[in-house]
Each structure stands twice: as C-alpha cells, then as structure tokens.
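Below are two complexes that have chain A in common, paired first with chain B and then with chain C.
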Partner chain A sequence: MNEASQNGAPAAPGAILAALAGNPNSGKTTVFNNLTGARQHVGNYPGVTVEKKEGHFRHGGRDVHVIDLPGTYSLTAYTPEEAVARNVIIEERPAVVVDIVDASNLERNLYLTTQLMELEAPLVLVLNMSDVARQRGHAIDVKRLSALFNVRIVETVGHRSEGMDQLKDAILEVAAGAAAFSPAPLHYGDDIERELAALTAVVGREGADTTTCRPRWVALKLLENDEVVRAQASARMSQPQADALMAAVRAARDRLAAKLGDDAEILIADRRYGFISGACQEAVKTTVESRHSTSDRIDMVMTHRVLSIPIFLAMMYAVFKLTFTLGEPPMGWIEALFGWLGGVVAGGWAPGSESLLKSLLVDGIIGGVGGVIVFLPNILLLFLAIAILEDSGYMARAAFIMDRFMHQLGLHGKSFIPLLIGFGCTVPAIMATRTLETRRDRLITMLVAPLISCGARLPIYALIIPAFFPAAWHARMLWIIYLIGIGLAVVCARLLGRTLFRGESTPFVMELPPYRWPTLKGIAIHMWERGQLYLRKAGTIILGVSVIMWALATFPRKQTFEHDHEAQVAAVAVLVLDDAEKGRRVAEIEQARQAEELAYTIAGRIGHALEPVLAPLGFDWRIGTGLIGAFAAKEVFVAQMGIVFALGEAGQDSTALREKLRANYTPLQAFCIMLFCLVSAPCMATIAVTRRESNSWKWALFQLGGLTALAYVLTLIVFQVGCLLGLGAR
Partner chain B sequence: MPLTMLRPGSQARVAEVRPHGHGMVQRLASLGILRGTELSVLQGDAGGALIVRIGETRLVLGRGMAHRVFVESSVS
Partner chain C sequence: MTATEALSAELEDYLESIARLIRDRGRARVRDIAAGLSVHKSTVTAALHSLADKGLIDYTPYSLPTLTRAGSQVADRVQRQHDVLKRFLCDVLLVDAGLAETNACRIEHAVDKAVLEHLTRFMDFVQCCPRGGAKWIRGYEHSCDSDPTRDKCERCMEIALQEFRAGRNTAREETFTMTLDKLRSGQRARIHRVGRADPVTRRLVDMGVVPGTAVEVVKVAPLGDPIEIKVKGYSLTLRKEEAATITVEPVAEAAP
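Entry: the complex of A and B
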C-alpha cells in the first residue's frame, strides 16, 4: 500500500505544504475541491485504509500543495482517521494547517481547533458556511474571535466558492510566518497546569522522543492517557526511564482525580469547552433562540418510527432501479466495443493461421478485461446514487433506521449500507466498509458481504431455475436463493461476532448532518474517485488472473483428437445438403472439438481431479470445471458450462444448454449448484479487494477458505439429505 | 437516569458519562456530550438508537452508548 501514497502527486520543490483539517460535514471537502479543482490525487495512507487526498493550486506566484486530512472531531488516536490527521501534522509539518469550521455550529467545531492550537500548528481558521450562520441569527465578531484565539480567520461560503481568494492569501501569509498570529496552547487552570509543568520537565529529563513534537504537548497527551503517545514517548527510553515517566503520569492523574474528582481527560475536555464557550460569549451574538431547523422538520418524517421504513425501502428501490436500468444501455455499448475490438484483433490472423497469441489477446485479455469494465456503468451509477444519499445527509438517517435490525447481527446501523451495496456487486460493498469505525465491524461486514447475492450470480440462477423448476416456482426459487444468502450472512455475522471478534459491538455514535442539496461537482468527484479506484486496483489484478484462467483453460493443447474433426468437416462438405444445414453440422463438430480440448486442459483436468471430492455434492467434472471459471467471475460459470456441453458460447437464455442440463442433472443437483455458487469461493475480485481493504492476506484467504468450506458442508448436507428423502430422482 | 429513559421531545442535562472502553468519554466530548451539556431527544423508541440534539449538533446514539450517558432534568 506504500506505493499509493508515494507515487501520489509529489509536491513541487519549493511548494508550500498546507493541510486541511476540520470536522466531518464542515464543508471541508467542498473547500478542498474549490481550492484544487480537478488537480487532485486520491491514494491511501500507508498501512491504513484511510483515503489520502492531495491536490495543488498556484496563487501569488507560489505553488501550494494541499493535503485534505480525514474529517475528525478531535485529535485523539482512537480512530484511524484521527491518528492519520495527527501524524500528518506532526510528521509532515505542514507550513499551514487550515482548520475548516462550520460557522453555524461553532462551539463543537472549535473543539478540534483547540487541539490544533495545542499542537502549536501554524493555523488559518476558516469560518465556512458563514451564510448559514447569519441565517440562523449568529453574528460572529471575526476580529474579536481572531484576537481571542490569536489566529488568522477567513470567512467563506464553500458551496458558492466565496472567500477562496482571501483563503489563498491567508495561506501564503501564514506560511510566510506572519508574526502577528501565533496560536498558543490553552491554559487549563492552575491544578492541571501545575501537573503539566512538572510532567513536561520529566518528559524532557527522561529523554522522550520530542524531535517532532513539543514536550508540553507530549505531557498533555500522557496526562490524557493517550496510548499512542505513551508508546512513542517511551520508544527511545530505557526501561527504568520509561517506568519513571509512567509513574509520574500515574501520580499526576491520581492527584488530579483526588482533587478535582474526575479523570484528567475529562477535566481537560471540560477546560477546552470552557475556553470555547467563553470566547463565543464574547465574540458571537445570537439573536435567534436555537430552535427546530428545517432539517429537524424533514427528520420528523424521514426518521419517524413508522413512516421511516417505507420511505427507506422506496429509496433503496430507487437506488437499484437507477443502477440497473440506467446501467444497461452503456453496458451494452461496452460489450459491443470489446466485441468489436476482439473482432478487429482476431481479424489480424487469416483463417486457419490462428495462433496462441491471438487466443491470448482475444479470449484472455480483451475478454477478461472487458468482463470487468462492463460492470463500470453499474458501479459508477451505484456510487453516484450513494454519493447523492451521502452528500444530502440521508445515509446517516438510513444507518439510524437500520440500527435496530443490524443490532440483531451484532453490528450497528452503518454496516447496513455496505451489505445493501452487495446486492449490486461485492467489490464496491467491501470498499464501502471504509465508513465503519472499528476494525471489528469492518472485518465482520467484509467477511459476510459475499453471502449477499450479487448481480453476477443472477445469470447462473437465470440459467438453471427455468431449466429445472416449473414456471410457478421461478420467482419463488429466486427469492429462496436470495433469502438463503441473507440468512447465512446473518448467522455468520453473529457467529463471527461471538467467536473470532468477541466483544460488544463498539458503542455507536454518529453525527446527523443537516440535509443539504448536493452539489454537482461534489457528487461527480465523489463518484469518480471510487470508480477510478475500482478500475485501477481491481482491474490490474483481474487482468492478471484473467490471463491465468485463460491459460488454465487453454493448456496443455491437445494435438491428436479422438475424432478426426477435420475429416468430419470435410465429409460434411461433400454431402448433398443445403448450406444452412451444412453450417449447423460444422458448428456441431467444432463445438465437440472444443469440448474435447477443454477436457484435456488443466481446467478440465482439475475438474476431473475434483470429481471424487465433488461427487458427494452431486457434481461431476463438468460442474467442477465451471466452478473454476466461476472463481474468475461468477457469471463465467454459465459460459463454461456452455463450452463443456459442447454448445459453444452459451448465454443464460440458451434453451439448448437448458435441455442438456436437464438431460444430465436432477432438480436436486441443480439446486445444489445454485447453493454452492451462492456461498462458495467469492470471485477473485472480491478476494483482491478484501486483501486490500483488510490490509492482510490472512482475512482474504480466511474468507476464501471459510466460505468454500461452508458451501461444501451445506451442499453436502442438502444433497445427501435430499437423496435420502428420495428427491434425487429425475 | 440513563438517557434511554427519556421520551422523544424531552430535555435534560448530562450528569455523567460512564466510561466504557478506552476513549469513549473523549469521543463523546469531541462530539459535544460531556457533563453539563443540555440536550433534547428528537427521536427514539424502545430498542433502537436515539437522535439527540445538542445546540446545532444532531447525534445518533446507539442504545449501548445512550445507556451510559446519565442525565438529570434541566430547569432552564
């Protein structure tokens, strides 16, 4: 993951480094987009899946490189976002930290500001959404506030791009070291200050690593019981030194608790708010009493205990409708484009002179990559819908509404969104787990997400169900399969929560942002960022595995065939038949040759080799070969079955293939195939994205192995019990 | 009494946040919930999460979290 951050747009030499900090929902992203426009780069911070957004702009003859820190409410190290934001400020030492504050919700937003002041970072305070603040009757005396915080302040209205030039000026000014402003740490009251002074001295004396941050800040964090700072501070010390420091910290915390009756971290938070509310009383005049806002009135309906559910279901239906209906035409175009491309490339070889290279290019690369890109419209539309839901503020409401249900799974409301996306495609579903706060919740959600039946599994059901079940049962069968997936996801989530990820679900708290009209620019950027990640990362891996899958289904090549197909073709040619009939017979011979070839390849041999293992499930070697294809992408199973039954490239609507299947398998076996495809080995793109999002192969392989084992056991039980009950008959 | 006892529409002042796990008190403080905070409950029924309002902030609090926030009636 290192490369992602290092190959990111490098700061030009001599550029000013500015970091944007701020609460989530403070309009930080909008300000970032306004400052940098399209000149952005998204990557990951090394070791964590926190998005790293960078961009740059030129102003007043200077280059400014901007890092958009993750949105945080504070600078403790309890969430990866906060740890990342803090580390960037400490380690990369930006020349300016731009703190974006929602002026209409000043006090809470200034809490982060006080912590940036503690870090003694060179600050520019941005009062964003100052129009909303005025509307709500808050008159902010900027001069007064600036004096109280001793910081440069700029007022902006992000969504109308107001105040951006002033902000750019301020960034240059503060970077140049405008001496007029030097935010100083707060005063925490005599008792805490005394302990702080003593601890600062101990930190200095015991030789803690203070090369990157000031001893006073280290002492403050130690007093607050910050585990990360504790570990870092003692890293360079000898054991006795570290013990001495920790003993001093404990003694100081105990004295404060005895005297003031509370833990130091609570006392310190109290002081910060005390300072803020003092400053706001002086600098902010509120003419209107705080009252129910428009947002609250909308929420009376949207989060209503009865109405919220149908509204929510309607929204979700709309998302799916949008994704799949609007996605269809562009999918068709992309398919056509790749088909055309394959045709053009294949045209480079004269008939009869087909080489391996042609097969690799056309069947392997163009076919494989095309098979992935074809989902891009779906994925972009899904991300578009999600971006609208998120930017408007509805997503947070959805998490609230689903919290009670998700609680039954040992997860909370937020996990619902990734699982919902899973009905479209598991890959973006796993990417969407990023919004979850704890690793426990992320991993559980990630591991069970493949059980939610994705769009690529639909062609398998669409092929099999009509072949084996009476028309009246078609829709019902499909429902049963989807419900089995959901049910298994529930069971597995609960099981994982009680075994591997023991412990209560972390207490759930989340801000409900006010409803806002999403901006076109914001949504477009949001959507593209994620779509691009899908293309780049999943795309490269899928390309590689496509080539491998192609090789498995191609080598070794059969030189001598059991039947002399060429002679057969020649025999057909001299028969007295009309051309259509001749063509049909030649195609049949060709398909028989392909089937013979496939049986001879590694994929075919693996299928044969797996037969003893798969037989108890009611599967033969042909299904085994199809399942190998399904690992590349679930829907490949259908194409693979077409090839093994010597029907050429069959689609899900192929009646010929259905007849073959009906001739060879029983309804019980058919059900077992669907069950196995539903549960077993998620496709390689899922594995790849799980590896990336969990940051370890361990969980990706656990997912692969666990789900395959689960599929095996379940299918085994269903088939064997089904046979005992006499359902195995044709 | 715990915050979960409050009915939608009622107001209260935070008396105590009982810590649970590391950093929870600080996390709530960073969102504006600490001793002395005035809040009102906007939504929430038995079993599910709550929506509370603190000044201009609206927060969703899961049941587990809300159980640990103790409130007293506010006379303002």
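Entry: the complex of A and C
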C-alpha cells in the first residue's frame, strides 16, 4: 500500500497517521469533511475501483494525516472495500483508527468495532449523530461503554460540527500513549477459544507470516475461512507446512460445525453480536420506544405499493431535467466562450493565411479544452442530484423499488440512474456508476452504458432520417433506433453477467438508511470532488486525444491540388456576374478544396484504407472518414460528412447535404449508418471516463473494441440480409 | 441474587413474558403482558411494581417497563430452562407442541439448575451422536408400534455406520421449514438458521442477521421483490432468493 500513499498527497514527516473507519451512512464522510475541510485529495487504490480519500489537519501543534477508509460493515475479504480498509490498517499501521459509529444504530455499527478490536488497532470510538440517538430515546452511558470496549469515546454531531475539537484532542491523546487504550480481542466462548488457541499454536509452529498481524488474528481469520489471509499465511511456507496448517483449519472447522451446528464464520459473527448485545444492554437505556420513526412514516409514501413507482419516475424525470435542461444554457455559454476565444486567437493572423500554429491553437487546443469543459455543467448538476438522492437516503429506496425489474435485465436496482442519464450523455452516465457498490455491477453498467443512445447521436439521426424516410416514419424510425440501443444494452448486460462476470456473486443485501437532510457542505464537496476528478483525470486524456484527432484531420497537408483552385477563384473574379453569385462560386471552390484536403489527410487516408473493410457494410470512404471524426464526438460525423461532400461544415438541418446523401446512398445504407453510429466505438470522452472510473485501460479498450466489433457484425448482417431481400435497391 | 432466588413462579412468568415481548416487538406494553398471561391489566401493574421493588425492572406508571441487568439475567435463565424443557419434550419425547409448551411452563419453576444442565447435555448427546440423531429418535416413535428385533437393530446400525462414514450429517435435521421470504408483511420471526457459507450469507451475518435475532418483515417492494425487514433496529433490504436461505421461527402475532 506504500505505492498508493505515494500516489496520494504524501504525509508530512512526523505527521500522525489516522484512519477513519465506519459503516456506510454512519456520517463518516461528514466527519472527514469537518476534520479536513477542503484539504482533501481523492485518488484510487491501485488495481481496484475503490476510491482513496485523504486529507490533513493541524491541531495542538501536530500535523495529522487522515485516510478516509471506504465505508464497510465488516472487514472480510469478500468486497474490495473491506479488503482495502483492512489492508490499510494492517500495512500502514495508522497511529489511530477512528471508528465512526452511528449512535442511533449502535448494535450493527459496533460490529465493525469488534473487528477493529481484533486487529488490536489503537481505537477512538466516535458516537456520531448522538443527537438522533437521544431523540429516539436511547440514553448511552458513555463511561460504561468505554469501559466495556476499553476504548476512548467521543460524542459528536457531524452535521453540526459538534465535538470535533474533542475528537482532535482524542486523536492526539491516543496517538501519544496508545497503551492506555488498547482494546483486547473478544472472548468467543470456550468451544471456539479452544480451537482458536490450538490453531494459533499451529500458525506459530508452521511459520506463517505474522510480521504484520498477530498469530491469534491470523488463526481467527483462517477459522473464518478467509481466502486472502489463507493465501498470505501460506505464502512463505513449504507445501507440507501449508498442508498441515490447512488440515488443522479444516479439522477445527469441522469440529465446530459438528458440535455447534453452524459454520465457524457464522458462529464467530454470532458471538460478536452476542458481546455487543450484552454491552448495549448494560450501557444503553431506552426510555421511549417509538414503533414508527419519522423515516418509517416517510417510507409509507415513498415505497408505497402503488405510489412509489410514480414518485420514482417523477424523481428520475427531475434528475434528467436538472442535469440536461438546466445544463444546456451554461453549455451554450461555454461553447460561445471558446468560439469567441478561438476567433480572438485566429484574429492574430492575417485573414486567409494558413498558419499551422493557428490551426493547432484554434482547432486543436482551444477546441479540445472547450470539448472537455463543455461536459462540466452536466457533471456538476448530475452529481448535485446524486448527492441529494444519496445523502437523503432515497437512492437506496430507488434501488429497492427498481431492483426486480433491473435484476431481470441482469443489472442492479441502482443501475437505473446511470442508464437513464445515458440518454443525455454517456460521460456523466459512466461517472454515475459510482453509486453502485460491487465491481461486477459497476463494470457491467459502465460497459453497456454507451449503447443507450446519447444526445450527441441525435444530430446524426436528425440529418439522416428526414433524408431517407417518409415523414410518417420519422418518429417511428427514431423510436426503433432508441429501442435497438436499449435492447442491445440488456442483451449485453446479461451476456457479460453470464460470461466475464460469471460466478461473481452480488448480494443485494443493502441497508435502507434513515432519511436525513443532506447538508449543503456535503453536497458542495461532493460536486467539487467529481468536477475536479473529471477535469484532472478524464479531461487530460480527452484533451490529448483531441489534439491527436486534430492532427489526423490536418496532416499531411496537401501542397499540390488536382484542380488549381486559386486559378479557378481568379477565373470567377473576372467573370461578369453579380457579387452574390461570385461569392457563391468562390465558396463552392473553397469547399471543393477542403474536401480534397480532407481526403489527403491521415483521417481521409484511413477512410480510404478502410473502404474494403467497410464495403460489406455498405459504407464508402466518405462514411469511413466521417466515422473517424465521430470518435472525437458523435455529432462531428455530421460536420465531417458536410466537408467530404464539399458542402463546408453543414448542420443537421442542411437540405443540401441531405440531397447529396440521397443521391449517394440507399435507405438501407442510411439505416446502417445510424445503426453503426449507435453501437460502435463510443466517443473518446467516454473511453477516457471509463478508463478513469474503472481504473484500468483494459476495460476502456475492451469497451472500445467490443462495441466496435458488435457494431460491425450487426451492421454487416443487416446490410447483407437487407441486400438479399432486395432492400438495397435505390 | 438473594431476591431473585426467592422469586415466585408467578413473577418469573412475568419477567419471562416482558423479556420475550421486548425481544420480539421491541417493547412490552401492559396489555400485551396481560394478554400473554391471560390476566387482568391491573394484576399486571401490581406485578410490575413488585418486580421494580426487587430491582428487576425499571418501571414507573404509564411508561414501558425495561429489564435491569439483574432482571434480564433472571429472564434469560428462566427462558433457557423453558427452552430446554420444551425442546426435550418436543424433540426427544415427541410430545405434541401445545402440550410441551404448557408442561414446560409448569416444570421450569420446580426444576433445579443442575438437573437441567444434565438434561441439556443428554439432549445434545442424543441429537449429535452418530449412533443417535434425529433418525434414532424417530426409531423410538416406531418402536411404540412394533417390537424391535435383533436383526432389525443390526441392519439399523449398519446403515448408521455407512452414513457416518459417508460424512453425511444425519444427526441434526431441520425442524424449521419456514423461510424468511415466505413471511407476510408485518409478520415477526426469529432467525433460526442462515444459509450456507457463501458471500451472501456472510454479508447477511455481518449485517446482524444471526441466529436468534428477531426480524420483522416490513414490506415487499412494489414489483414483488426485494423485501424490507427490520433487524437490530434498522431497515435492511434483500432479495427473496437471498431470504429463502434463512430459516425462521415465526413468533406470535401482536395482541389486538
């Protein structure tokens, strides 16, 4: 994990290392935000999709470096989050582990505490949301609880920043003299303790690697059948030693199962909960018992048998509207700003001059940066909506309501939001997969999200459909295209679930946290984090690819043209015509020159070179060139087609371009273009964001290759079958 | 413990009832206690005062009684005695469940701790020993009808040995067939067993769904799956296929 801390903000020398642990929904993030403020750094743990958040603060003259561990309920190796949290504690040996506990849900939250105690980490227990606990009539005897767990306890109210100074004091105190509060491991009852003692002896005797953790902990994990610990423990052993250890583990597990009638891991969990339940009985007095909490009452409506679905749909409509409708004006401003900037920079050169630097600056860099920033309003607004949904507790209800439906599609209930956002734009859709907890669900959703037809593909359909299909079919064609996308997404999700991700179990088991008011600060930090991550990590890739795309469409520059365009322009100039007509003819010549130039560039040549490959799909080199442009952004296809047909940068409503298309292609070919654009290689921004969110190039390239291959095969079938059926005729 | 030693059978019943209500429903209302023990509400109030005087419960009029530490120890002991006796009557002697319940209620106040410990050990032995187990007990049921002959016994022992060598766990047999997914909304139950050692079970156990825990099915999602349950004071949702791996023992419906 050293490697990881090098990636992150490095801790100042002499700083105290503190790790924040706690259940999801325990208010851990709020406490982290309160402690560190804006001094945060977000990254990824190497090799997993788990986020690494770090920050620091100064208190009492000491620097404290804080790692916010992923929120977990336990410390098994079954989920990457839990494995990561455990590894940080074992390998980075924080001076203090701050365990944040929801005081209003004490029993379940203390379960993690018992496991932190087993790791014999120096603990500070934070009873967060102690105000809610009091409201619910739980009076917690802090002294008693502190004595029972032998830990330092601090009471806080995260969303009101109460108790933060006491917490900081406690961190320094425990870091200074951890011995005073070193929690002892639990006693598991005679039967388990006997096996544990025997196994601890075997672990020591057979020379298991216990440099980082104690033999008793290793023995306990082995008894719990923890695969990671098993692999680590036997790493330095000879085969017979490892076999002896595993035989001892199996025998111990069998004996316990025979005697106590359950698997050892269940028995151990049972004892932990038993200890907690006893401790709570002693230290917590419940004065009022309310049968229905406020949360339950809200849920009577929100997850009502009939009302819940319309409410859910209304919420989703609001999220979509907020993200895209409200995002549209700022996107327009950003585009206008960069257009203006490009104009200003271009103004530095004499009109008509062909400077390479100008082209690089205006088309490559300013265009590229604009192309990155233009997504920002959508991303910020989407994460505003997601932060509200998540922090309020509605997100879990949305999954609860939709899971049946989504599960049948091979997805998780929470996949609904990313896929819905995909109708607007795939980039924020992929970022929204962050709400999914398991690697499997996240990756599947991420991989199929580009199949949901995004807004940028609409100009392509808007150009082609009116050009080829009768007016009565316009709406229907559009529906067909969208439905094909949805259908393919479902098929691919199921296929991926049964092939690549087969056997990865995905327990749905999920907490429905009590409803809470989201805090402004929490939402602001969440939005800021996402926006910053997008710009820093995905933005740089998008910018780089933009420049490459610019180079592809610029080089090599044609020096000698087949037609002498300048001579033609000169010839027009001497003709006896009115100025308007002259202007039109000069424009035509200029457009022809552009077309010739594009054909000469690498993009044009790739288009030509691809012609034999694309011919079975019914595509010529012009479409090939357009598709290469579409990789930069889908809507670029329209402009690119305008250029190759020597019409200049045409828009989606250009009737001239439609006529050209109609003259050159059949409706079958037109349909194939739309199909290919729908399915094929998502735009580079999508690839960049997938790379960032999956934390690996492998998945990004798999998405690119897989979708392009799928598009090729589908279009091939449609075109060839269509031709056989005689649909290819003009 | 001097006060509790002298506790009358009647008061023990009250404590037991309060403990059960708190465990199953989260609180013990006077009217539920009265309904459970078939007595009048004023009788219950008197008993509560008496228990509070002995320091076994915290109780002030018009509030809900809660158990003190000493009280819950007594309640636990009585409950354990009751369970052991009932299990013995039901599982070993194959007495009808209703009869077992009422008899356990009567015996539990009279039996000594030492005797019960022996009985518990004997029961574990009968149920776990490869030569015994559920089948053997069922054999006892048949022996009521027919005369056991020597060659039948030999055959029976052979089968038992074969099964033991095959590693089949014949000793314990599921007595509960009700699973969590089959409960109606609003129904309460106690977890009896959680499924097999797979990640789903592991997650459930980590979330507090351990044997002995009280659960309540709150509702079923509008599309028919997943379900929402209350466990350890919070709401948890899981799919029905996951709930089907959990066997439960439904508890009595709330008093009207």
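Just so we're on the same page, the second predicted complex is superposed on the first by the 628 of 730 C-alpha atoms of A that agree within 3 Å, B and C clash if a C-alpha of one lies under 4 Å from a C-alpha of the other, contacts with A are read in each partner's own complex, and residues count from 1 in each chain.
To be clear about the criterion, contacts are C-beta pairs under 8 Å (C-beta built on N, C-alpha and C of every residue); 3 or more make two chains touch, one makes a residue touch a chain.
Everything numeric here is computed off the predicted structure, so don't read it as measured data.
After superposition on chain A, the partners chain B and chain C collide with one another. After overlaying the two complexes on the shared chain, residue contacts for A:I266 are found with chain B and with chain C alike.
In the superposed pair of complexes, A:Q281 makes contact with chain C only, with no contact to chain B. Legend: residue contacts after superposition of the two complexes on their common chain; A:H412 is shown touching chain B, with no touch to chain C.
Within the superposed three-chain model, A:F555 lies out of touch with both chain B and chain C [touch as defined at top]. Once the two complexes are overlaid on the shared chain, A:T303 sits against chain B and chain C alike. Applying the stated contact rule after C-alpha superposition, one finds that A:E227 touches chain B and leaves chain C untouched.
Contact with neither chain B nor chain C is seen for A:W479 once the two complexes are overlaid on the shared chain.
In the superposed model, A:W697 lies in contact with neither chain B nor chain C. Put simply, chain A uses residues 73-74, 76, 78, 105, 107-108, 111, 263, 265-266, 269-270, 273, 295-296, 299, 303-305, 396, 399-400, 403-404, 407, 505, 507-512, 514 to touch chain B in one complex and chain C in the other.
Remark: chain A residues 73-74, 76, 78, 105, 107-108, 111, 225, 258-259, 261-263, 265-266, 269-270, 273, 281-282, 285-289, 291, 295-296, 299, 303-306, 308-309, 396, 399-405, 407, 505, 507-514 touch chain C in the complex.
The touching residues of chain B, counted against chain A in their complex, run 17, 19-32, 34-35, 42-43, 45, 47-49, 51, 53-65, 68.
On the chain A side of its complex with chain B, the touching residues are 73-74, 76, 78, 104-105, 107-108, 111-112, 136, 224, 227, 263, 265-266, 269-270, 273, 290, 295-296, 299, 303-305, 396, 399-400, 403-404, 407, 412-413, 504-512, 514. Residues 26-27, 58, 63-64, 66-67, 69, 72, 128, 169, 171-172, 193-194, 196-208, 210-213, 218-219, 221-226, 228, 232-239, 242 of chain C are the ones that touch chain A when the two sit in their complex.
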